[in-house]
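Below is one structure; the comments refer to it alone.
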Amino acid sequence: MENLLWLIPALPFLGATLLVLFGTRLSKTLAAVIGVGSVGVSALITLLLGIGFLSARPAFYHQEVWQWFSVADFNPSIAFHLDALSMVFIFVITFVGFLIHLYATAYMADEPDFSRFFACMNLFVGSMLVLVMADNLLLLYLGWEGVGLCSYLLIGFWYKEPANGYAARKAFIITRVGDTAMAIGLFMLFQLFGTLNIQTILAEAPEAWAVGSQMAVIVALLLLGGAVGKSGQLPLQTWLPDAMAGPTPVSALIHAATMVTAGVYLIARMYVVFELAPVAQLTVAIVGAVTLLLAGFSALTQYDLKRVLAYSTISQIGYMFLALGVGAWSAGIFHFMIHAFFKALLFLCAGAIILTLHHEQDMRQMGGLRKSMPVVFWTFLIGAASLAALPLITAGFYSKDQILWYTLAGPGGNVWLYAAGLAGAFITSIYTFRMVFMTFYGESKTHVSHPPGKRITVPLIILAILSVVGGFIELPHNFGHVVLFSDLLAPVLPGITAGKILAANEWLFQLLAALFSLGGVFVAYLFYLKSPSLLRSVKRSGTAMALHRFWHTGWGFDALYNTLFVQPYVYLSNINKRDVIDSFYTGLARVAEGFHVMFSQTQNGILRNYVMGIVVGAIMILTISLLL
Amino acid sequence: MILVWLIVILMVGGLLAWLSKKWHPVLPRWIALFAVLADLGLALYLWLRTPAATLGASPWLVRLEVPWIPQWGVNFILALDGLSLLMLLLSFFLGTLAVLISWREIRTKSGFFHFNLLWVLAGITGVFLTMDLFLFYFFWEVMLIPMYFLIGVWGHANRNYAAYKFFIFTQASGLLMLLAILGLYFIHGSQTGIYTFNYFELLDTALAPVAARLLMFGFLAAFLVKLPVVPFHSWLPDAHSEAPTAGSVILAGLLLKTGAYGLLRFVLPLFPTAAVEFAPWAMLLGVIGIIYGAILAFSQTDLKRLVAYTSVSHMGFIILGVFAFNEWALQGIVMQMIAHGLSTGALFIIAGFLYERLHTRDIQLMGGFWSKAPKMGVIALIFVMASLGLPGLGNFIAEFLTLVGSWQANNWLTVFATIGLVMATVYSLRIMQKVFFEPAPMEQALPDLTSREMLIATPMVLMILWLGLYPQPVLDTARPSIKQQLQAYQPASLEEKSLVAVPIAPPAVQVQLGDTVHFYKTRGGTHEPK
Amino acid sequence: MSTTVSMEAALLLAGILFMLGLISVLIRRNIIFMLISVEIMLNATGLAFIVAGTRWVQPDGQIMFIFILTMAAAEVSVGLALILQIYHQLKTLDSDAANFMKG
Amino acid sequence: MSQNDFLHLMPLLILTFAALLIMLVIAAWRNHKLIYVITAVSFVAAFLSLFELRGVVSYAIEPLLVIDGFALFYIGLILATALLISMLSYAYFEQQKEQKEEYYILLTLATLGACVLVVSTHFASLFLGLEVLSVSLYALVSYLRVRERSDEAGIKYLILAAFSSAFLLFGMALVYFSTGTMTFAGIATAMATLPELPLLLLTGFGMMIIGIGFKLSVVPFHMWTPDVYEGAPAPVTAFVATVSKGGVLGLLIRFFMEVEGFRYPTLMLIFTIVAIASMFAGNLLALMQQNVKRILAYSSISHLGYLLVAFLAGNRIGMEAVTFYLVAYFITTVGAFGTVALLSGEARDAEQLEDYRGLLWRRPWTATVFTAMLLSLAGIPLTAGFVGKFYVLAAGVNTQQWLLVVMLVLNSVIGLYYYIKIIAVMYQQPDTEREPQQRQRPSVYVASVGTLAVLAILLVLVGVYPTALVQLIQDMLYNMPAVVAR
C-alpha cells in the first residue's frame, strides 16, 4: 500500500513530460487522454490508499523514494509522508483536479496550444501533490515553487496579450516575496534543528522552545510570510485578482481549489510552531479577519464575474486563516475542503457562462441566463448558496458556522474576530447573490450560443452534490453531532473545546449566523432585483462612488505597491543602466591619455629642446648628489 | 601522466586544427571536436574509475611532479582531486558544446579559431590541475591570450574595446597575484630555507598577520576580478556581450569559475586567519554583487549583456559562500560553479541561436517566439527558471546550500542575499516575457531549433535536471577536497598550526591564531541555537 | 719666475669652459656652431684631465687628452659630412628646421 | 703583450681584422653578398673563439681590460645579436640603391666598441670603446643619406651623443682628479678608504651617470630615442636598441660591482628616480603613438626602466635578473625590428600602424612572429619576456623595493594597451586582399625569414624552458669576482 505513494505525484509528472516531449505531434484527443488520464489514475490510487487508510487507520504512510542529497548531516530526501491532513488535501487535489481536467477538455477544445495547457495542468497537479505529501520542508519548498511556476505559466497561457504576461509575472514575483521569507525560515529551522524533516521538527520544537519564545515567533512569522504570499492574504493578496487572466479551469483549480490554500496547509502542517508562538498565531487570525473583510468589500464592487469570485476566494481563505489563527485547526481544513468544492463549482459555472457568451466576463452584459442554461443556473445557485452559507442545506453553512463559533468560543477567540467573521458572512451573501441576480435574472443582454455539453455539465453536477452533502460529515454537536472529519484529523491536529459558558447556548449564535447570511441575501435581492432604483440613488452620492472606486481597485494596494516598490526599482535600474562603476575605469583611461598628450608635447623634434632636456636632467642629478 | 595528456591533447589538437585548415575547411572543426571529446572521455574515465567512497582518505587521486626550473624551485606539478575533477568535467563538457555551437557560426579563419578555443581550454585545464604557484600563474596567463583573440577577432561590433578591457583587467589583477606569489615564495624560503613554489609545501608557511593580509589581497585581486565581484566587474558585460557565442559560453562557464576555484584552492587554505578577518567584508561584497548585478540585469536590453549581469549576480553567491567557511556553503559553491556554468552557458547559447536567426541581440525587437519556436521556448524556460533558482534544477541546490551555509556565518547578509532571489525572478521573467511571450514589434521568421542545436541543448537540460534532482555524486566527489580546504578552519588545526609556527614565526602570529580560534567559534560554522 | 696656479683654480677654469660650451649649445641654432660648442666642451674636459694628471703627477691625463682630441676630430668629420647632407636637403643650417620627426 | 693576452683578446681582434679585411675587399671588389658573408663569418668566428676561453675565471690585461665569465657572456650576447642583425641587414639592404658595403665595416666596428665596453676596467678603455661605438653609430644611423629623416636622426644623435659624452668625460676627469686613478679597482680602493664621498667625486659620478644614461636612453636623457629609432634604417635601429645599450649596461654593472656603488644611497636614489621616470614616460608616450618604430622606441625606454629595477636590487639575483632580462629583451627587440625590416620597402620603412592592418590575413607567419614578439614585450607567458619580467619582479620583491615593484606592475599594465593595439590592428580584416608577394632571392629570403624563425624559436624556448639559460647565466656570473664577493 505504502509503496504506491510515489505513483500519485509521479503519474501527473509523467503525463506532463509526455505532453511536453510529444505535445506538438499528439492529436487533441490523445493529449486529452494523457492529461486527464494521468490525473484520473492518480485519483484512483488516492481512493485506494484512502480506503486502506480509513480502514486501517495507521498514523501515517511513509515512503522514501531516494535520498535527494546529503551534505554534512543535512540530508533531505525525496520522501512522501501521508497522514490524515495530507490525505484530505490529496483527495481534493486529485478528485477536484480530475473533474476540472475533464471540464477543461471541453473548455479548451478549440485552443491551438491544447497539449501545452494540459502539460502545465499536469505539472501543477504533480507539484501540488508533492507539496502536500512532502515529508521535509525542502521537498515541500520544491512543490511550493513548482506550483508557483505552473500558476505563472497558466496565468500567462494566452501570452499574446501582454497584460496576461504581466499578471503572470506579478503573481510569480509577489508569491516569490513570500517564498523568500519562508526560505529564511527554513534556514533558521535548519540551524536550530539540523534537519528540515517536518515530523522531527514538530517533535523537537516543544523541547527546543518555551511557549512564546522569540525564535519560535520569528520562525512562525517567516512561515506565515510564505503562507500569505501563496494564499493571497494581506499584505500580498494583490496578485490573485489579476491572476484571473488565465483560462477559467486554471482559476478553478489553481486559484480557487488548491494552490491558494497551500498557505493553509503550511500553517496547519507546522501548527506546533504556531502554537508555540501565540503572537504569531494571533497574527494569523488578524490577517485572516482583515483580509476577509477587505476582500469582501472589494468583491461587492466588481463587475467582472471572475474577479468577484477571485475576491471571494481571498475572503474565504481569510476565514480559513481565521480558523487556524484561533486554533480551530480542523475547522479551517474542513472549510478548505468545502470551499474547494463550491468555489471550483462556481468557477466552472462561470467558465461555462463565459464560454457560451463568447468570452464575455462583464456581469453587466449578462442576465436572464436562468432559462437559457438551466443546468448551469441550478448548479451555480447551489454553489452560491454554499458560499453564502445558507443555513442547514448547504455545506458552506456548517463549515463556516464552525469557524465563527470557535472564533468566539475557542481559546484563541475573541469578540472582535467573531464580529469580523459575522460581518464577513453578511457581505459574502450580499455579493454572492448580487452575482446570481445580475447574471441569471433580469432580461438577457448577450446572445447565447450552443448550451454547454456533457463534459462540462457532469463535473458541475458532481461538484454541486459535493458542495451540499459535503457538509454533513461534520455537524455541530447541538444537532446531529457528526464528527467524522475532525475525528479523521484528530491524530494529526489537536482538537479544540469551546468555553463551557457559551457552549450552552451555541444555537443562539448559529441562529445569528444564519440570520446574517439570509439578511445578506435579502439585501442583494432588494438592490439588484426588487428595486434597482435604490442602488442608483445610493450610487448618486459622491462618497459612495469614491468608496466604490476605492473598493473596486482592491483598496488601492496596487497603486501603493506600485509607488512604493515597482517604480523606485525600475527607476533605480534605468538610471544606472550604463553602470556608473564602469565610468570610473574609463575615467582612468582618460587620465592616462591626458598624460600621453602632455608628455608628447616634449617630443617636439627640436634639437635644442632635447639638449635642454639633458641639461635639466644634469641639473637634477647634480642637485641630488650635492644636496644629499 | 594522464594529466599531462589532458593538456597535451588540447594543445596539439589546437595546432593541428590551425594547420589542417589548409587541407580542408571542415577539418579543424572535427579535429577540435575529437580533441575535446577525447579529454572528456579521459576525465569521465578518471571519475568513474574512482568511486566517491574511495576518496575518503587523501583527496588526491593522481599526482605528477617533474622539476622544471630547479634553480627557482619551480616544479611541473599536476595533481587531481575531486574539485579539480569536477571542474575538468565541466570544462570539457562545455568545451564540446562550444565546438558544436561554432560549427555554423564561425566562418572566417575557422582554423585559427579552433586553435584559440582549444588553447583556452588547455590553459583552463592547467589552472585547474597545477599545484605549483609559478605554473598556476603561467596557465592563468596562458588562458587569456587565446580568449583575447576569440573576442577580438570573432566578436561583435564593439569587440576591440571589449577585448582590451578584458585583457587589461585580468592582466592587472594577475600581476598583483604574481607579486603575492613571490612574496609568499620568499617568506617561505627565508623561514625554511627551501625556496619553492610547491603548493603543498607553501601550505604550511606561518605568516605574520600583516604579511598574511597583504598576500591574501594580492591573491584576492586576481580572483575577485575574475569572478567578478562588484566593483571589479565592469569588464565582464562588455566581454560577454561582444564575444562570439562559444567565447561567451567559455567565459561565463569556465573563466569565471577559475576565480572561484582560486578562492577555494589558494585563499582559504593559505591565509586562514586573514581570511577569517576579511570574511564579513567579503560576504558584504558578495551581497552587493548579488543585488547590484540583479538590478542592472533588469534594465539591460541587450540579451547577452543582460545574461552577463545575471552572472555578476550569481557570482555574488560564490564569494558569499566561500567566506562562510563551512561545508554546506562550500558544497553549495561547487554546485553553483557547475550549475551556473550550465545554465548561463545555455542562456548564452540560446542568445546565440537567436542572434544567428535575427542578427540582433536587442530584446526590444524580439517577442512572441513561443509560438514560432516552441522547442527553443521550452529550453529557454528551463534555463531561465534555473537561473532564478527553481527547485528541482541544479542552481537551486547550489543557492540553497550556499545560503544555508552563509546563514550559519552571518544572518543579515544572508537575508539580503535571499532577497536577491526575488530580484533574480524579476529579471529572469523579463527575459521570457520580452523574448517569448509578448508579441514582437515587427514580424520576423524564426525557424525552430535544428537537430544539431537540439543535440547541443538536450544534454544541458538533462544535466541541469540531474544536478537538481540527484546531485549526490557531484557532492561526494567534491567532499574530500572541500574538507581539505576547510581543515585550516577546524579550531584544532588552527592551534596545531600555530604550534608548528612557534619556532619560526614571530610570537605575534601565535597570539593572532589563538584569537582567531575564538573569533572563529563565535562567528563560524558551529550551529548551536543562538 | 714662475707662479703656481692652484689645482682647484685650474679645474674651475675647465669647469667654466665647459659651461660656456654648454650654454652656447643651448642658445645656438646654427648646427655648425652647435658642433663647435660641443667641441669646446670636449676640450674643457681635456683640460680637466690634464689638470687631474698634473695633480697626481701622472701622464694619464695627457694621454686621455690625446684620445679626446682624436675622437673629437673623428666626430667633427662625421658631423660636417652630415651637416652638408642636411644643408643639401633643407637649404638651411637652422637646427630647428630639422624636425620632421616628433610626437 | 704576451701571446696569452692575444689569445684572450681573440674575439676583439677578430672583429678588428674583419673590419680591415672588409675595407680592403671593398677597395678591390664591391659585392654585397661577399662582404656580408665575410662579416657573418667573422662574427661567427669571434663567437666560436669565446668557447676557447670557457672557464676563464678572471684574466686581467693590466690595466685596461679584463676577461671573465661576465665579459664572455656579454660579448657572446653582443656577437650573437650582431650576427642576427647583420643577416637582417643583408635582406634589408638588398633592396636599397645605396652603396651597401661600407655598412658592414661600421657594423663590425660598432660591435667591437660594444665588446670593448664590457671588458674594460679602465676609463681609457671605457672611453675608447664608447667612442668607437658612437662614432660608427653616427654613420650607421644616417646611412641611407637620401632619406632626410635619416640625416636628421644622424645629426641629432651626433650632437646629443657628443654632448653627453662630454659630460661623461668631465665626470671621469673629476673622479680621476679626486681619486688619482682611472682603473675601477683603484677607484674602488680609494673610495673604500673614504668615510663618505667628497663633493667632487659625487659630482663626477653624477656627470658620468648622465653620459651612461644617455646611451641607455633613460629619462630624462631619452628624448633622442624616438627620433633616432624612427630615422635610422630598421636594422640599425635594432642595433641601437640592443647592442649599444647592452654594452653600456654591461659596463655599468661591472663598474658598480667594482666600486660597490650600491652602498651609496645617493646613487641609488638617482637610479630609482630615473627608473620610475623611465617606466612612466616610456609607457605613457607610447600610449597613443601611431608610428610602430616610435612605439618600440618608447617601449624600449620603459624596458630600460624595468631593467634598472632589477639592477637596483644590487645583489646576485638582481644581476642575474638584469642579464636574463637583457637576453629576453635582445631576442624580442631584434625580432620586432626584424619584422619591421622584413616588411619595409625601398622608399620607406613599414612604420605606420596602417602598414600592419590585416597583416595576419596577408602574411600569417610574419604576423604570428610579430605577435609573439609583442606579447613578449608585454611579458605574457610562453615567451621569454614573461620569464624575464618574472625574474625582475622576483629580484625586486626579494629586496623589498615595493615602490619600484608596484610601479613596474602598474606600468606593464599601461604598456599592455599599446602592444595589444598593434596586435589588434594586425588581426583586423584587411581592406586590401592578399598582396602579391614579390619572390625574394633565396639567400635574402633565408637571411631574413631564417633569422626571424630562429628568434621566434629562441623566444618560445626561453619562455617555456628557461632552465638552461638561467644555469648558464648563473655559471657565468659566478666567475665574476665582484659578484661572487656578495
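Should a chain be cited, it is by its letter among A, B, C and D, assigned in written order, with residues numbered from 1 in that chain.
Convention: a contact is a pair of C-beta atoms (placed from the backbone, for glycine too) under 8 Å apart; a residue touches a chain by one contact, two chains touch by 3 or more.
Predicted model, so just to flag it, every value in this text is computed and none were measured.
A.B. asks: Of the chain pairs C-D and B-D, which one is connected by the greater count of C-beta contacts?
C.D. replies: Of C-D and B-D, it is C-D that has more C-beta pairs in contact.
A.B. asks: When you average C-alpha coordinates per chain, which one falls nearest the overall C-alpha average? Tell me, please.
C.D. replies: B
A.B. asks: From the centre of chain D, which other chain's Cα mean sits the farthest off?
C.D. replies: Result for max centroid distance from chain D is chain A.
A.B. asks: In whole angstrom, how far does the Cα centroid of chain B sit from the Cα centroid of chain C?
C.D. replies: 66
A.B. asks: Determine the centre-to-centre distance between chain C and chain D, using the mean Cα coordinates as centres, and give it in whole Å.
C.D. replies: Chain C and chain D have C-alpha centres separated by 27 Å.
A.B. asks: Would you kindly tell me how far, in whole Å, the mean C-alpha position of chain D lies from that of chain B?
C.D. replies: Each chain reduced to its C-alpha mean, chain B and chain D end up 43 Å apart.
A.B. asks: Would you mind pulling out the distance in Å between where the CA atoms of chain A average out and where those of chain C do?
C.D. replies: Their C-alpha centroids are separated by 98 Å.
A.B. asks: By residue number and range, which residues of chain C touch two or more other chains?
C.D. replies: 22, 25, 31, 34, 95, 98-103
A.B. asks: Two-or-more-chain contact residues of chain D, please, as numbers and ranges.
C.D. replies: 155-156, 159, 163, 226-227, 289, 417
A.B. asks: Can you give me every chain pair that touches, using the contact definition above?
C.D. replies: Pairwise, the chains that meet the contact rule are A-B, A-C, A-D, B-D, C-D.
A.B. asks: State the interface residues of chain D toward chain C in the complex, per the touch definition above.
C.D. replies: 123-124, 127-128, 131, 135, 138-139, 142, 145, 148-149, 151-156, 158-159, 162-163, 165-166, 169-170, 172-174, 176-177, 180-182, 226-227, 230-231, 289, 291, 294
A.B. asks: Which stretch or stretches of chain B touch chain D in the complex?
C.D. replies: Per the stated touch rule, the residues are 68-72, 108, 134, 137-139, 141-142, 144-145, 148-149, 152-153, 160, 163-164, 167-168, 171-172, 175-176, 178-179, 182-183, 185-186.
A.B. asks: Where on chain C is chain A touching in the complex?
C.D. replies: Listed in rising order, the residues are 22, 25-26, 29, 31, 34, 95-96, 98-103.
A.B. asks: Where on chain B is chain A touching in the complex?
C.D. replies: Going through chain B, the ones touching chain A are 165, 230-231, 233-234, 237, 295-296, 298-300, 326-328, 331, 368, 370-371, 374, 378, 385, 390-392, 396-397, 400-401, 403-404, 407-408, 414-415, 418-419, 421-422, 425-426, 429-430, 433, 436-439, 469-472, 475, 479, 527, 529-530.
A.B. asks: Okay, in this complex, where on chain D does chain A touch?
C.D. replies: Answer in residue numbers: 155-156, 159-160, 163-164, 167, 199, 202-203, 205-207, 209-210, 213-214, 219-221, 223-224, 226-227, 265-267, 269-270, 273, 280-281, 284-285, 287-289, 414, 417.
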